[in-house]
């Protein structure tokens, strides 16, 4: 997907320049995993023309395998994103209808080839929100992956401005999540994507961790396939200043992670995706769930300081932060 | 419409920056006429969100009346345009489907209000190429204008990458042109938009003016409503270097204009539109058709030296060039 | 007026680039009111050449009526403004002498035309500071407006680097303010523009609201025409971090407003003007003075997060902040 | 002086960015001479604030001695310059009134100190065009220099948009030129600055060298102090393409120089000044007038390929061009 | 290698910005071949830190296989390149000593792995110019490739500013070229790299094709392994305007190619490399040597219109130019 | 030295642009002292080509005497510096080996000339870290200066990524510091550069001033030539937010200075150098050590708000901050 953003905290089109940022939920996770050293393959559809070429090139640049990307359809999804400041909220204008991925449908992908050699499949709640066919395709994907014994993780990402094709998010997402092993969400995704009630109001800025213990318990209860559910916790003090943390519940216990204070946010888009990538990396390489959770939080904390969607930090940078070096000193 | 172009003769997305240029055939004519001092009103549909606001603001900036622009539909048409250099051609990737104007239809506009006080109505062959409803709307517009005694001019603009909804350009355009008083075209538009055969190959770079005498004769013969048909003549030596001139045939004679050599093109998009605006201005304010033709050619010659779609030159700059000052000397 | 600023917190001329920002007290108010949906007309004088054209175009872009702007005089006022950071103060170098507005004088404007259909007239203490003739002109304007039954508001804005033509600010301003219905000021304007003593030192960063109750009482006492006096309260912790609030006294009571903490200021120039526009909008459209004050504070709070002089936020953004959403969350 | 120019061949204020270029006739000559290795001192007045600091810093950067620059007055002269393209002329809007140098007057400078150790004094016809006091100051300067036995050169530079204080250029310039040893001019300066008639029309683009033989003869005849008069010859085919050459007449013969074809002008402002600097350097270091003329033409030919006012080419680059290497090959 | 260039035809460091361009002879060929659809592998050494990462990422972006790049050594070679204009030559300042590739040596690469599956090996005369060990490494590479039956092409590229380690270019290059099947050179490379005399002076700008017939004959005579020698012909009219063509001699005949006039060069660095890539592509996919030569010339002609080292044009763009469309018309 | 940094908090090479910043420890001190009004001379070696010219020009721009800079050697030291944000640390990649200064050696400078008229000589621990010859040169310099009765100050700056030529920092630095009158250090320099043990861990972010009292006592004890040792104290809360203060011990007492909270760091590179310059200026011009310390802290506090290495603030700006105006209010 193509993000177009004005420079220097300007309002959209205030001056006639836009920054080009290629990204999107699943792509961001793939780039972050490739940056951590994994062989990451991205499966999507983009148009055959130069705009599609550019997405492929950008993913390839960061080490993502792009050989299974379908080149079909007419357009790449676009969104215009204005970065807020202080009390001014960031704004997103979607222009994603009729994109290649919105019009892709079950049967378009050769899953045997696309999933060959894969041991973890990650998807999000954004794709099923775009169109019925994209929802069907997502369901086909997770079913196939599950059937092949591939571990499936899903970020429940709720996007209110999408979901316009006649179905509610829970109608669609609850079916898809049945095939997942690891669920990931932010403060409101469980409620809005899965329709699970919780006594949480994200607009106050403050967070009640006990409410999340209850909420995650309900999620695991309702979705038996899930071995874990992780939730990112964002305290939105302003567009520049957020608290950032996360919790994880597995079948044994409820874990809480370190809280970071991010006082000078550079770009928060992609924050959740960098948490997903960090969590996957942590679960695959670190000794326990607590360490995986800490890695995910630290990785995504660092993302907030990088412009663009992608979390271009190396594993060693994340480990250094996990070990407590938050000082931001010059390394020289 | 939103044009997105890379800077500094780069290929699209070579670096992650895009210039924002609002424009499009009819908008360009409106801005140029406003710059020449006319009260110009732009009639179109754009979405209600910030991208639509930006178009309206930009037109307003250059003095165009925007009060009759409909705010409806979901998206603004976009195209990516890469400016060529030397033998490398400029490239355009359209992303215009489902735009507000593509989905506008007869009945959407209150023509009594929109055409109130108007004495000249200009449209182009681009809008009817987008969708059946846009074609129907264009026909409604020219019929209504004609019925109100408003003079109608049409730029036959042929866009091969559009025209995908099942009709051929001549099928649609020949009906629309019946209501026009002034026809405007480039070297190939008469052939491709109206289906009128002529022995002209625009890819050689050289031009045979006699062929245009024959061609324009046929046009006037086939379309009795037309009082004049004007044709821009572009000799495309390279992406940087074009010859530029024009001819005009009225019911009495065939007029040829001055030829300009544009050796260091800054931006040729909008060149034809600036000719249309110049011709309308000339026909409304200058003593005869020869002067009008010369004004149109000189105005559009100058457009080639301005980045963006709009021809931001004043009437006095055009008159100076018509009077022979091609020297480009510093005025100080 | 033309503001020229270096990019990226650089010192002036550190690198050879400048951002162009058109603005100035009254223009900023006009743009903000137009953005809130009012028909706003700007009355000033700018030179006939391209620099003057650019001001007119920019105002028109944001929806301000420019038909009564006089095109006379030789130059547009310029100022160079360097944006500070942390403890480094922002700096302004004025180059405004001999500008079109500085040389405009009583009699230059056709007030019947300029004030036709107008129900609110706003001006500031900046114009009378520039020259004797500009002071005379301001007095002529407020007298005429008052005589026509138009409501008059005045921002007392004190600019110490101006006021060089031989009169003190109170000598001039006290006469002008006699015709005002609504007075607006920042912490020190009442003292320096009107010569009203108060026990307030703005350089400490902290604010004593009770002192403002006394001060506003004195203002209303000394100027019987005033129905209201509003004061913006800025706690200057650093160039990046300000507290922001305001108070309003009408003939019945002293109202205090919400305090906002603006921790990452993008551009504070125009903050006071956006308060004026918010207050006018509030007084015209909201049920009471408290709501008007809150709207003014919230609107101007948001201004601090936008580069340039103009407060490009919509009414709905201000209302959302008034209703308590300070979280700056991404709207998607 | 501060030149403000839009980037990328844009019209002024088309986008909100300006390039900062410090320069001006005499400064340009000083920088070029310093770049050729001379100890060059610049004598002028600039204001005491940061804008004045920036001029001094910039001159110092290129090796010019700035110790005798007076820091007085209120403003630095500004001009807005839009670079043309093709048939579109470059435009200059002066905003120089009331600048420090315009208000400087005889007696302000300590000439004994300013001219200490100096063996060549250069000035231009631009300064006397600004104000009566600047004209008086110029006269004082050349008289003093001449009296001290310092060689004086004057570029007759005619600027039609200046000369507004009531005197004609010839009235003033003829008196000043009496003290010069070397006169320098472009095609029209002799006529307009000195009032010497010649049958030359610079707007045709073509040049008749014989006319210049006659013209230079008249100049030497009328000004007995002059040992040489040199004239730059510019054939203005377009804003991008000029022919460039020069002639020189001394008391013995009329010399013509090499003609260069500059097909892709980057910035022609400062072209004449770079000729002056080249001529002074040539007369001081090369064996004869023919070589000096060739050096001057080659140096100023190269200037046309450099953005900004200053001719940042080294002596060896000029010599290489004089020796015939016009190929622009990569040196690697 | 890292090229750092100032923007907008500025002199180096004129303003404090540099464009980053990764490239270099062999890398440019690899990217162009990948863009034409070949599987291209790049074999080099770059340091382990972020600067090395950036090279690898950039190559990967354009589809080059980077798995065999050694990550060793301390620095990446840098050069500063200033793009000339008109008569002003482009300038290159090398800072390549002690780079990873300069310090790489025979034995560092696992050739079995690096050349696995490869059917064409291309190298240039630049690498052997850097250091003795790089020359030894180049010799090892071509010997190994030849022994494995891989076709070898060598661009003789002579770089006078390198070759500082004590050997002359012919001493080293003649030994390396013994293993080549296809030789590629520009006008002076044969003479300077191989020490073969020819009556050619490249500084005149004009070219005598018959001299090249003789020269290429000598090359084939002296190097029996060569099946073909191709030479690019550049007529350097100015830094902006070059003629561009090429000749090729095989064991049967001397072929001359189309001449292109490149009047507005955007960036000529990488021109020769794009010719090499075009020739390799042509020899591998087109019916005969004449077609291969034409493809090589057309491809590299287009390169001159693209900023940066890489020739980012697709095969179909080259074929279109070969078929005669030099018009640079907008494709829409 | 040439610093190359990405714009806008990007990661290195994230987009293909770099900011050029000339600087380096001693140069930064020289520029700051010149800005405070001192005649500052910079003594170093830079290459003869355009990159070396650029350093000289930049120093000259800010008023530093450059006449004693040796033009020799092959390259200028470069480093790539990525500015961190929040918890993301800034990163530096050095590419300084084989620079002109690294290869300069005792005997290269004519010290009689270089030190003529000098009363204070400042150097740092960075130069001796680069190479044995640079260490020898530094020793030669301080010995010579001391012998001439010039006061010597040394910033102990420890750079762990340098010091690769086989000696430890204390081995070299302890000998050099013997000749110093004033020592300057940051929290860890005393320990790492001089090998003096202290119970201080700079990574916690918090500072224990008593530990510094002990540490500075040891330094003065071990180095009898030192009259004073000053230490900057940085509390690194994040890359954007630091506490900043300093202490100074002379032979009589231990002084502590004001603490500043720098919440929105623009660029912290050069912070220590600006402290050195402030301290030297303070010791030379202010009544006592306490005032000198306060001036040094305030000056370097302000540096954190300026992009680039140089502290471009005037003496009056520093004095204003010392007198307590931290409000960052607009000065107008």
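Which chain is which? They are A, B, C, D, E and F, in the order written, and residues in each are numbered from 1.
One rule holds in what follows: a residue touches a chain if its C-beta (ideal position, glycine included) is under 8 Å from a C-beta of that chain, and two chains touch if they have at least 3 such contacts.
Fair warning: this is a prediction, and the values are worked out from it, not measured in the lab.
Engineer: Examine where the copies chain C and chain D touch and state whether the two sides share over half of their residue numbers (same) or under half (different).
Structural biologist: Answer same: the two copies use largely identical residue numbers here.
Engineer: List the centre-to-centre spacing of chain A and chain F in whole Å, with centres computed as mean CA coordinates.
Structural biologist: 43
Engineer: For chain F, which residues are shared contacts with two or more other chains?
Structural biologist: Touching at least two other chains: 8, 11, 16-17, 57-58, 91, 263-264.
Engineer: Considering only which chains touch which, label the overall pattern as line, ring, star, complete or other.
Structural biologist: If you draw each chain as a dot and join those that touch, every dot ends up joined to every other.
Engineer: Please output the residues of chain B touching chain E within their complex, sorted ascending.
Structural biologist: The contact residues of chain B facing chain E are 8-11, 14, 81, 84-92, 94, 159-161, 202-203, 205, 236-241, 263-264, 268-269.
Engineer: Any idea which chain D residues touch chain F in the complex?
Structural biologist: 57-58, 60-63
Engineer: Please give the residue numbers of chain B that touch chain D in the complex, ascending.
Structural biologist: 7-8, 260, 262-266, 301-302, 304-308, 312-313, 317, 320-321, 324-332
Engineer: List the residues on chain E that touch chain F in their complex, please.
Structural biologist: Interface residues on the chain E side: 4, 11-13, 16-21, 49-51, 54, 57-58, 74-75, 78, 80, 82, 91, 93, 95, 97-98.
Engineer: Any idea which chain F residues touch chain B in the complex?
Structural biologist: 15-17
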